[in-house]
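Labels for the chains are A, B, C, D, E and F, by order of writing; each one numbers its residues from 1.
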């Protein structure tokens, strides 16, 4: 339940933890994020074509990262969450959490009895041998991205064992009847974000959020977010390909 | 929620939409169905050895099909349905639906708030950018293949947002205490099929069905079915291998 | 629902059925277990990096084993259970079963209507053609590995259609507040095991258990266990590599 | 060097051995050919998207086939040939052989010293333990499909250890300045085929040929060919999809 | 032998053709290059962890690209070259060509008899049906990157059927006793490049070159190169990750 | 060209370097060998179902091993050797080397110009940046396993840049007309081994050999071998499964 040292190092330096976001599944891109000094890398099993099994196979091979490996699971499901934490995920992001009960179920999936219901079966030698050691290496974030989640954010933030909340600007916008992509680039969710921030602050949990890239991330940082994922590998690569071609052709 | 143009073209021509059925997972066989003029191809994630993640990887690579890509998911689960529609599935077939509530949950998995609970994350550039555009490209069929489903077919057909019902002759036969394979080749489910057809007609939803091949399909067509999957890639290939060998040996 | 002939042969010889345990996913190691005379091989989809889809692909290729193929699924889920039994699994082990209701749901996942809710779709030619033949080739074990499961073991053993219970010494220890690995090597769960054995005997279901290797297994056998998995492929290989290196270097 | 019993059974029955041809790589299609009574199945590593490594992985899993497994390798290369025979291939077809020296090199790749240069490393338990047993289970065909090969066919057929020659109507046509696909459907290569047949007969080696399907195969059989591959999995499937759709739509 | 229309369009517009370079194997990154307006994408089978078989599988799925797909093969080998052109490669880059004889062998691998020795077996429906159509869609570049190749560049450029020469600044530097990476960023190979350009111009073949990115590419363009690959997917992604993180943290 | 520190540490301790041998391709088994203190692990691309591309993918993911990673390539081919050394292999074993010329070609494949012909393209960040650094991290062994190789062993050992010779008892036996498996377990090749050892000693290159397991290895060590691979992962696992089952059943 203690955040990875790469995250706490960022916070100790009074800056947000910055994450890369993997939608291609490529291990080489994960390594590139790490080499560039990102504090964590998030593998997305929800909006991608791979799943928690694929993430687990990648995770098992990356035992000694100086950065934290997060997984956004596709569903609030203890078997899927168990698979990725067994494989070494240091953070889990659970999408579409609407209630404190759902948040508590997510926490129970990463904690052993009596606090939770996780099954014992660590998959890597370097994860520790006691239940305390094994469960303490995982952070748990639930996504606030629906009107229900927003309405219940106070109770959600009060769930014991939660590391933080993670805002999904796209889905939150849709749920509020707004255009999804504008959630990233405009101020349309700044009001709800202030509500969420207040709840997170009151309960001393981390406020995280997704961004569409570095410029947006800087804005989210100014608005108090402490864990910020930068767009995605594909978004970054697309922009880079355009820019490099323009340089080559001098246009 | 609007059927793919390949389906409506068939219906405009006053004939059923004809589908191929993939149980091998082979992309080359998908392409062969398409080249042969099938209106849709269904990838079966329920009774096969691959899953929705595999289907999603195939779907992501097939952006510009002139035919519709359907997936039969293994379960009425919003994460699994979300995975295949994010990857571009134009139709989803949900097995073993017993009640209107279950049918409504399936619809909610392909529609965004406020009508549904789908999470926003289209995986291909050609899927549109608005929630309306993205959700409107997917058809949703629920399978009527249990005695419960049969009993509730009227309420199921009335669920808003449903494209149609899809009859599973094998499981429906089992549920009725009959031999599964006879469901395809005999008239043993024609009575229940009439009941389902009446409900579909009353609520103006499409009546679909699985067949064991072209000859059966012609019978289902005469009985009013408008979306008919022809057996499977393996059934077709098995018959073809026998016939071609006989031709070669002149037997 | 009838155990595989390899299991009954062991029991007829008045010895426990001995199983190998696959956590690497390697088909070559499965074959090695079989060649060594193991009565069954269990593919673990819960505490490994592969899933039921991977297990199904392996199973489909192994039609004519003289030993039984078991799968421990990651979750008590009819779609996941259906996938592996369609592919030919002769035994299913369901983890973390707490109540008779959960055990009954697991049984329903391998039985066709009217007794259960399994969907018809056998994936191999050698599995039989009738629902009776197809369902009769699968054994179903539920894991007793929580304090709840222990408290309800009498009712669980009474569930019709259950082949047996399978004790998880690690999770049971955790649930009892004890060190997980000591569950294998000490007598700390012998009291609970006696309770479980009594319930299994009373209801004439098989008592199975996981062991950390041959020596532990011999102890479990003396304590009345009739189906015993030996550690895992990795545990076995690790010990063998150390021993062979020592032999080579004469140390 | 002794043909597989499935081939000799065909010849004993005074009919050609009939083969299926795999270009998709699908193991399920291989099994379908076998179930349909084909005498051999050829995996094509030359004109496909998979290679000898993929073929080897499929072969290793198919130890007890009643039919023979052949591989057309992509090149006359002892490492590639060694890979597939180690994995259990019972026949090897080597493309584009122009000279007796090249044919002898192909033979050397499947025979151990002193006759050949194959390296010892059988990959399956059922292949035998002596070099004689292991090498005797493999047939070797070289393709005659160039003007050079045609000119040298007499010397090629005289190479010790050769099982037969295998005619490629497409490439042979190209090499003769003719349209490749007409090589299958017209009589344009019947003259060269007569030359090849005479050489094969004189040296008592088997005359094999590729066909575009059963009807062509019957013609090749009448022209004296004794080992005939029927088109390909894809050609067969394409034709079957068209026919079945027509049946369904009654067109 | 006619360059892809995307290349000729660039040259008609009096600018070099610009290519992206794939070392990760990711199909999503290939698509991103295409969407960004690159004229071709080169899949590197030489200095990567994948091979021609992997490239062929990607190529087969990309039939209707508006950009050209190139493959750098790992070796001047007709089987490897045949594999990728059968799968649809529109350009082949052959590394380490030292002599005109080697260049002629590379040309022979993409041309059918009588000009070459390619075997007939197109793998996609859209490649044409005649040998002329099929071979005319492929460009062939040989790499000049050794002192031998440099010494023989005049004869190499004179080989009939060659589309162009492609300079490898790293290997050419090593061969000249210079530091490999300085080949990209300094003027150390400008002298040899002038020699190569003169030969290419004299024989009217295209001068291509590898660059480390857009800035270098602009320099190569000014020095007369007409086909320029920009660094690699990984180099581009690495730089982009650093820049985006800096933007996020405002450093 | 300098052996990995794990090897020199063994030799400094006056004991042979001990290696594990991978024929399954499993990364988990590689890690187990390493954890057990083996000095190197050899991935076999010759007598297995995987190839150099698969080995390269495994190698790229194992950057910080405390043990050395070796690959036995399938063939003396610079493209295949280049692929695995680019991916980080610290040792290459080349099979079936008959002459000094072949040995020199193998050395040239791992050395850059002017000494060799390796193409520059290191695939991992930790391999160094200069050609000297990159080539110095690779050891090169050629296999002496034919009568020709044995006859030429003196000249082979004299090839500059060679790290050592590696004896293949199975193939050497076959080449000598002896039973292959007896090469491991009897003294039948001790005479030829003495010849090879003398040549290795004279030219100060390392004498390596394959063994069938620890007991054989101890014998080879007594006979002067300094680099000894222990059987294979499968041989080790097979023996362990038998022993553990016997322990469990007390037989």
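Just so we're on the same page, a contact is a pair of C-beta atoms (placed from the backbone, for glycine too) under 8 Å apart; a residue touches a chain by one contact, two chains touch by 3 or more.
In this text, all values refer to a predicted model and were calculated from it rather than measured experimentally.
Taking the definition of touch as given, a chain qualifies here only if it contacts subunit B and subunit F alike; those chains are A, C, D, E. Between C-D and B-C, more C-beta contact pairs are found at B-C. One finds 35 Å separating the Cα centroids of subunit A and subunit C.
Inter-chain spacing, taken between the CA centroids of subunit B and subunit E, is 44 Å.
Under the contact definition stated at the top, the residues of subunit B that touch 2 or more other chains are 35, 51, 53, 77.
The touch graph of these protein chains has some other shape, matching none of line, ring, star or complete. Across the whole structure, chains are in contact as follows: A-B, A-C, A-E, A-F, B-C, B-D, B-E, C-D, C-F, D-E, D-F, E-F. For subunit B in complex with subunit A, the residues that touch the partner chain are 51-53, 56-57, 59-60, 77-79, 82-83, 86-87, 112-114, 117, 119-121, 123, 129-131.
Here subunit B touches subunit C in the complex through residues 46-51, 53-54, 74-75, 77, 95-96, 145-147, 168, 170-171, 174-175, 177, 179-181, going by the rule given at the top.
The touching residues of subunit F, when paired with subunit A in their complex, are 27, 35, 61, 64, 125. Of all residues in subunit A, those touching subunit E in their complex are 15-16, 18, 20, 23-24, 26, 28-29, 32-33, 35-38, 211, 213-215, 217-218, 221, 228, 230-231, 233-234, 236-250.
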